[in-house]
Structures are given as structure tokens and as C-alpha cells.
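In what comes next, chain A is part of two complexes: it sits with chain B in the first one and with chain C in the second one.
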Partner chain A sequence: MSSNLKVDMEVESSKAIYRLSGQIDEDADLSQINPEGVKEVIFDLDDVTLINSCGIRDWVKFQSELSDDLKIVYRKCPQVIVEQLNIIKGFIKDGGLIESFYAPYYNEVTDEEVKLLITPNEVVDSKAPEKKDSDGNILEFDEIELQYFNFLKDK
Partner chain B sequence: MMRTFAYNIEVDDNLQEILQKQGLLLESEIAKSECILYKSGIDDLFKNIDEFQNIKKIISIEKIKKNAEFSTPVNIDKLDGCVVHFLDESVSEVSDKIKAEVSNFIDEGSFSDLGRYLSLVGIELVQNALIFKKNNKRTEQIKLELIKGENNYQICVEDPFGELDMNIFFNKIKRAVIEKTPEYKKDGAGLGFSMILQAVDELIVKVEKGHKTKICCMVNKYRRLKDYKSKSPSVYVL
Partner chain C sequence: MDYSTFDQLLTPVIVVNDHGKPVYFNHICSIFFKLAPRKLAKLTHINELIKNDQLDFENYLDTVLKNNAAETSPEITFDIEQIGETTVILKFIPFGKDVLINVLDFSIEKKIHEKYKRQVAELKDTHEQILKADKLTALGEMISGISHEVSTPLTIVNDRIEQLASAVYSQNLDRAKKVLTELSTEYQRIMKIISGMKSFVKNQEDDFVITDLNLIIDDTLKFIDELDFATEVTVRKEVESSHWVMANPLKLEQVLINLVKNSLDALKSAKTKNPEIVISLSEEKDSQVHYLIVRDNGPGIPQEDQNNIFEMFYTSKEVEEGTGLGLSITKKIVEAHSGEISLSQVDSGCEFQISLPIIELGSFTKTNKYLSGELEVEPNKILFIGDDIELLNEIYQEMKAKDFVLIFSNKIKSIENLADFLLVDQVVKLIDVECNFEYEKSYDLFSLSREEIINKIKELF
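Here is the complex of A and B:
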């Protein structure tokens, strides 16, 4: 069975970094992520392009089976992942840390969309951090703040 | 006149007049209603309504402000567009086909992720039909149509089974919305349909028992993600 999900792994002493790219669905082989012998796992999700309902189901099950002793970090979560963080219980492991994620902004001057990588600490009271383009124009947050940052409400 | 339950909406004389013009008659009991009118947040409606047995329409009050013909869905029988058939493809193959078709079909000027949402709708609908087909050892094809209207896109998926039970359909969405968890069920657990509902402006379902189920999703051509995320979906059972 062909899969649209590619997983690259890099090990740095006691830390394993898994870079996922493509689509998480029922064809995705999550068993190739097998973090044995490490204390910390980093999921770099930058290149995940789509996740369907069966992919969500398999991902949640996979997360629940990860050892409670592991430190788990989620890095560069794209919008497609943030949307699931906000609606699906168990999408990330209890105690897992979201290191960074993308937020959609809109440049009214150039009529362009931009996705900016931000950290949870930049979001205060569910307000998007102010961002500017290279000419100093203020960008408009292009989502509904209460919805998009809902996953941070307990941080 | 279609009996209509107004969920969390204060109905004044003006609204009552508009509803009457649309053939909708206010009803205080949901169990006697065929139509539900809601204010915002369709998830909230699904969390709090238990009775879907007779429901034919779920309409956002926002549509009243934007469109005088709010109680009428797009016509799904007169549509003509690009057609793709599916037989026994894997989900990766289904996804690749749909994403390729959608990317050819989106106009410039829509926000960049609209294609992803449209693809997801198509993938979920086709996958649901293929799972039913496999579970029931059926051999017929599943048809997907992509239609570009002047102001909207439509994705329609048709199967020759006609086995979709709307009461079960609504209650599966309710479960997914309340529990916010996926479930392992061979015929699906509602998460896919709840994702579809969040992604569309209109969800139109036509079931000819034992012959055909056609699900048509309409999404307006939004220029901005923020506007797309502010929409309130409507559901029509024909």
C-alpha cells in the first residue's frame, strides 16, 4: 500500500527528531516512528499538508501509545495541525510541549497571505502577536483569534 | 408551511415576517419541527439538540441577512462539471486524484488554503462511500463531481446504494462534536462528517432509499481565510 506520509529521523544523543512530510491518513505508517532508547522526541510537523478523519484517529491512537516517560515536543505545527489541536481531544500527548506553530496573517498593502512561525509565549489572552512586513506595514491576523488560539488557553 | 424551531434566537415581528415569506412557520417543539434556525456555532446546536428525526433543514440566521432565498439550497440536479469515478482505490490514490482535480479547478483570487479544504471534503465523502462499498461487498462505482459556479464551488459525491440514514448521520455528528474524539467503527464515527460540516457553506443530502445517495457540498469563493472561517453552514435534506 502506498503512503503519502514520509518520515525522516535524526538522533542527537538522547533525543530523536522525526520530520513528517505529506499526508496523515489511514495509509500512513506511523509504526516507523519507534522512539526506543531516547528520552525526548521532537515531532517536526512543518511539512504535513493534510490530515483526514481516519488519519486523526490513527494519530490519536499512536500518541496515546507513546511512553509517558518521554518528553514530547511538537515543532513548527502548520495550520492543518493547529486546527486539529483545537478540536480533537488527545491529538497531542498529555504533557507534550508545543514549541512553535504557524499563524496566518494577511498583508493588506500587497494583498498577500503569510504564515508566520510563532511560539505559544507570544500569544497573550488569545490575542495574535503584532507582526509587520519588511516595510513596516502591520499585518492583519487572518483567522478568528479565540478559535485559532483555543489550544493555548490552559498554557 | 415548514414547521421551524428557532434555536437560541429571539424572533421579532420582522424576522417572523421573513420566515413566513420563506414558507417557515415557527414551532416551539423541536420534535414537531422539520427545520432548525440557529444563530451561530453549529457545534453548539449539535451539542444541545437531541431530536433530529424529522429534520430537513438546518439554517443559519446569517443567511437571512445575506440572502432572501436562504431557505433554498443550490440546485444539485442541474449541475454539470468535472466527473471522477472511484472503484477500489486506496485513500492515498483517492487523495492524489482529488487534490489534482481540485488544484486545476480553483480560481485565482481565493485564499490559498481553499483547495485543501475542498480536497478534504471530497476525500472524506469518497472514502465514506468506498468504506460502505467494501463493508457491504458492493461492486459499483462512486462518482465525484466538481462544479464551479459563478460565486461558489460544489463538490458532489454520489453512490448507488441509497443507505444513508439521516437520523444516524445527525447523531454521529453530534457524538463527534460532543466527545471530540475519533472512534473505531467500521462504518465511521461521525468525525469525518463533522469536519465536512465545518468546511462548507451548504451540505445538501438527497437519499433515494436503496438506489442513490447524493451529498453535495457548496463552498463560496472566499478571498480571505478569516471570512471563510466566519461562515455558518446550512444543511438540507432533500
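Here is the complex of A and C:
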């Protein structure tokens, strides 16, 4: 079956950046991610739209097989990834660094939902950072903070 | 009421009041239904979340609360934004004055099951197409062979007609009578070739039946003899007892003809002294396969060719002599019978060994609609034990469309060896034997006539 996951790779000296887009499901071919000869790997997950239980199984296995010597960074984790980070042990490699992720906010004035890119450092005591729209309206965090930021507990 | 424990669960849990209004959602609901907790909290009825016209929520809630007992819904599908069609089973559990609904998601299983079925169907189609193409190629090869076989008697016929004309003109009636007899002989020879061809070509569908490998060898030898393929080569069989399998006899015959034909070509081209081809059958003790062996005393197959002989279009023959399809067709047919073919020994000639599942295993896999994905659960397994191959085939034709796994056996020892694996539910005895393994029911039909047996089976199943 054809894979709904596209992987683009860019190498900068000893660093490989993998940009994943599409679905991580039973057809996803993760073997195309083969970081050899680099010291650092960055997974840019910005365009991952879905991950299902088969995809989670393959992803966890794939993560466990990555070399312990690699520095691994997870960049722009979308909400579907954050949700799995909170549930699945081993979803990211031990020692891996979450550089940035998306958080859901709601604009009560305009009745719009937005996903904003934030960094772990912005989250203090499991509290979402305050965000405003271009008109200065304060946005409401649109999840349950304790649960959504649970993955940062031990960071 | 404190529901926080449910937030630790990894399946969606919703608590609704007796009117169906959600009063609690656990953490996973937000992930599963792709809705922010803010939106979930605004729902006024569970059917705004699980939109399925077939499911009467009110009826489930009433029944659960009235009986104070849990209820399970059938499998239902509904759409979730971003995800699409979702398949779940809902468990309704009484929870004080409210009802707890636990959602069991089967979407992935269903999707993968459907994908698996689709892929199996595609593979079957591809396999069919290859076999059809192979059949045409095999037919082409055969027509070429037949043309060659027929051309010799036709040349003689042509010559005898000229002789007959000459005898008639010269009014030599004795000579004319002799020539007419010779013409008749050649005519019979051509008819014999055509009749052999017909029996090979007719009814080539994949009809599996209970069959005896011994009889297939006999039919093959008869066909080869009728075509006079092997005039200078001894082709014989070494078989002691019957070996039943589930097979398409014509396909297996095609396998044997392909192997014998290859051996004949090798023996002829090598001008082997006392050329001989032996077809034999064997079976190891407690083995689950029969071995069908074709051996010749020809030059053997060169080492460099041995790994490629089953590949399509691979041939060591001259371009016009072989298509390179014979052994690949043979391999495909054997594999369609859940068997294997190997080149097992090449020191003093060539030996092909074909393993085929014994009848008990062959019939079990052939009729098991659960294994083929046609049924969701494995149906009852019925063992028919008998020694009349025609009667068992009649039963097979009668029963094969029904939802049972049919296991046929003619050797009580074989079925006893496999009993722990096959787990027979019901036994139909067509011969008087003791069955020393566990089963639920047994029907002793061995004292009945053939017609009574068939009628009884129709009545029972």
C-alpha cells in the first residue's frame, strides 16, 4: 500500500533534519528515515496530521532503535503528537528534547480556535502561557492544562 | 460524584443522565472525538457526539436504568471530524442515577481487516491472471507438440492416398485393401492424440476435490503413453499405497507432465543410456505431507542453473524449444495447493520433490472460511472419516458452500496426530473406527447406504 507519510530530509554538516508530513499509520514507511553519519537528528513534525495505533506502535519501535549516541530534537509537535506524548511511554527517545509544540487556544471574541507554537520553557507549573490576538484580546487555553502539559512534568 | 479516576483510563468514558445529557467526559474523550473540553461541556445529548441513526440511546438508557444491568450496543459507525468513519461498540453501565458509557474503538481493526481482505482479493486476481497467461502459454507449447506428433501420421496418410490412387488406377484390389488398412491405422493414431489432448484441456478450472495421488500418476502415465512422447524412455511409477490430498487433479497432472516432459528433453538431448523416469510417492511417519517425486537418470541440472530454474522465463533450452515458463507454472500450481517443490538431489540425474499437505490438513485449510477471511469467527469443524473417495467427494460438494470447516480423513492415525491442532467439534463416521480424541458429537453412519448417508448429512447440517 502507498504510504500517506512523506519524509523530506536536509543535512547540515553533522545534523539531519527530517520533515514529516501526512499520516503516521499502518502504511507509513519509517525505514526511509535512516540517520547515519550524523550526530544530531531533528524531527520536524509540523505537518503530521494523524497518528493511529498502528503508527504509534511503529513509531515507538523506530524511536527505540535510534542510536543512544544521537542528539534528538522534536520540533513543532502538533496537537495529535502532544496527545500521544501524554499517553505513550517511549513515544520520544529517552534524552530527546522537545524544542517546540503547538497548544490549542480559543478566541472568545471572534469564536476562533487557533493552535499556537510554544516552547516548553513558556509553560510554568503546568500553566499555559498567556497569549493575545492581534487586537490585544486574551486567548483562552482550550484544553485541560494539567493533562495537556503532563509530558513536561519531568522535563 | 468524583469521576477523576476515569481520567486515568485510556478509553473514552462518558457519563450521561437519564435524559442522555452528558454530565462528565474523561480526558481521552477530547482526544478521541477531536473536540475541546469546552465544546464537549456544551453538548446537550450524547447523540450530538455519536451521530448514528440506528442506535436508540433513549431505549438503552431506559433499559439499563430499569434493569440495573449493563447493556452492549452492536457495532456502530459514525463520523468524527479530522478522522472520518469511526467504528465502535458502546457499553452502557448503570452508575447510580446515571449511565456510564464506555466506548470501545474498533476502527483500526475494521480498517486493517478490510484492507487485508482487499489485498487478498487483489493477490487472488493477480494469481488468476498469471495462471491464465501460463495456461495460454502451456496451450501454445502443447499445440506445437501436437502439431509435431500429428504431422508424422499425416505424412504417412498423404503417401498412402497416393498409393491408393495408384492401386485403384491399376485395379490392384489387394494392394488397395492393404493401403486402406494402413490409412485406418494412421487415422486411429491421430484420433488417439486428439483424445489425449481433449482430456488434458477440458475442465481446467480450479476445482479442488479429494483425490488420490496414485490415480493422478496413472492418468499422467496414460496421457504420456497416448501421445507417444516417451517412445525410447522408460517411464514408470513406484507407488505402494493410496495417498489422499485435496487437489485439482488436472492441475497436478499438468505439474507431472511438465516435470516428465523436462526429463524427457534432458534424457534425449544427453542421449542417456537406458533412460528412465520414475514417479514415486512417499510419506514419513507422522508427517503432515505426502512427497511426490519425479526422478530421472539424465545429466542433471548444472549448479549454476539450480537456483533459477523456478523463475519465470528462465530456461537452459534453445530459444525455440522452451519458454522458461514450465517450472514456474509448476511451482505456482504446487503453491496453490499449499505445497512446496524443490530440486532435492542432482548427483545421478535429477530429482524433483513435491510436498503436499495430507488430506486432513488440505481439507481443513481449503474449507476454512475463517482463515480465508470470509467469516469473522471460526465455524464448527466437522470431521468425515471414511474410505470411499467418491462418497466423501459427494459429501464435500453437498457441504462446501455451508459455513463449516470440513475435515476429511481416511486414516484414523493421521487425524489423531492432528487432533490437538484441528480441534474437531463433530465427527461423522462412514467407517467403524474408534476416535481417541475429544469432540462434542459423533454420528455413526457406516451402517447406512450411500443415499441414506447423503440424506442424513443434509438433515444434520
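Remarks
Convention: the second predicted complex is superposed on the first by the 155 of 155 C-alpha atoms of A that agree within 3 Å, B and C clash if a C-alpha of one lies under 4 Å from a C-alpha of the other, contacts with A are read in each partner's own complex, and residues count from 1 in each chain.
As a convention for this text, a contact is a pair of C-beta atoms (placed from the backbone, for glycine too) under 8 Å apart; a residue touches a chain by one contact, two chains touch by 3 or more.
Because the structure is predicted, anything quoted here is derived from the model rather than measured.
Superposition note: with chain A as the common reference, chain B and chain C are in steric clash.
Of the two partner chains placed by superposition, chain B and chain C are both touched by A:52. Once the two structures are overlaid, the count of chain A residues touched is higher for B than for its counterpart among chain B and chain C. In the overlay built on the shared chain, the residue A:100 is in contact with neither chain B nor chain C.
When the two complexes are overlaid on their common chain A, residue A:26 makes contact with chain B and with chain C alike. Of the two partner chains placed by the overlay, chain B and chain C both lie in contact with A:87. With both structures placed on the common chain, the touch criterion links A:143 to chain B and to chain C.
In the superposition on chain A, A:4 makes contact with chain B only, not with chain C. Once the complexes are superposed on chain A, the part of chain C occupying the same space as chain B corresponds, among 171-179, 369-377 or 387-395, to 369-377. Common to the chain B and chain C interfaces on chain A are residues 1, 26, 49-50, 52-54, 87, 104, 106, 113, 140, 142-144, 147. Residues of chain C that touch chain A in their complex: 7, 10, 27, 30-31, 36-38, 82-83, 108, 112, 115, 119. Put simply, chain B touches chain A in their complex at residues 90-93, 95-96, 99, 111-113, 116, 119-120, 123-124, 127, 179-184, 188-189, 191-192, 195, 224-226, 229-230. Considering their complex, residues 1-4, 23, 25-27, 49-50, 52-54, 56-57, 60, 79-80, 87-90, 104, 106, 113, 140-144, 147 of chain A touch chain B. Taken in their complex, chain A has these residues touching chain C: 1, 26, 49-50, 52-54, 83, 87, 104, 106, 113, 140, 142-144, 147.
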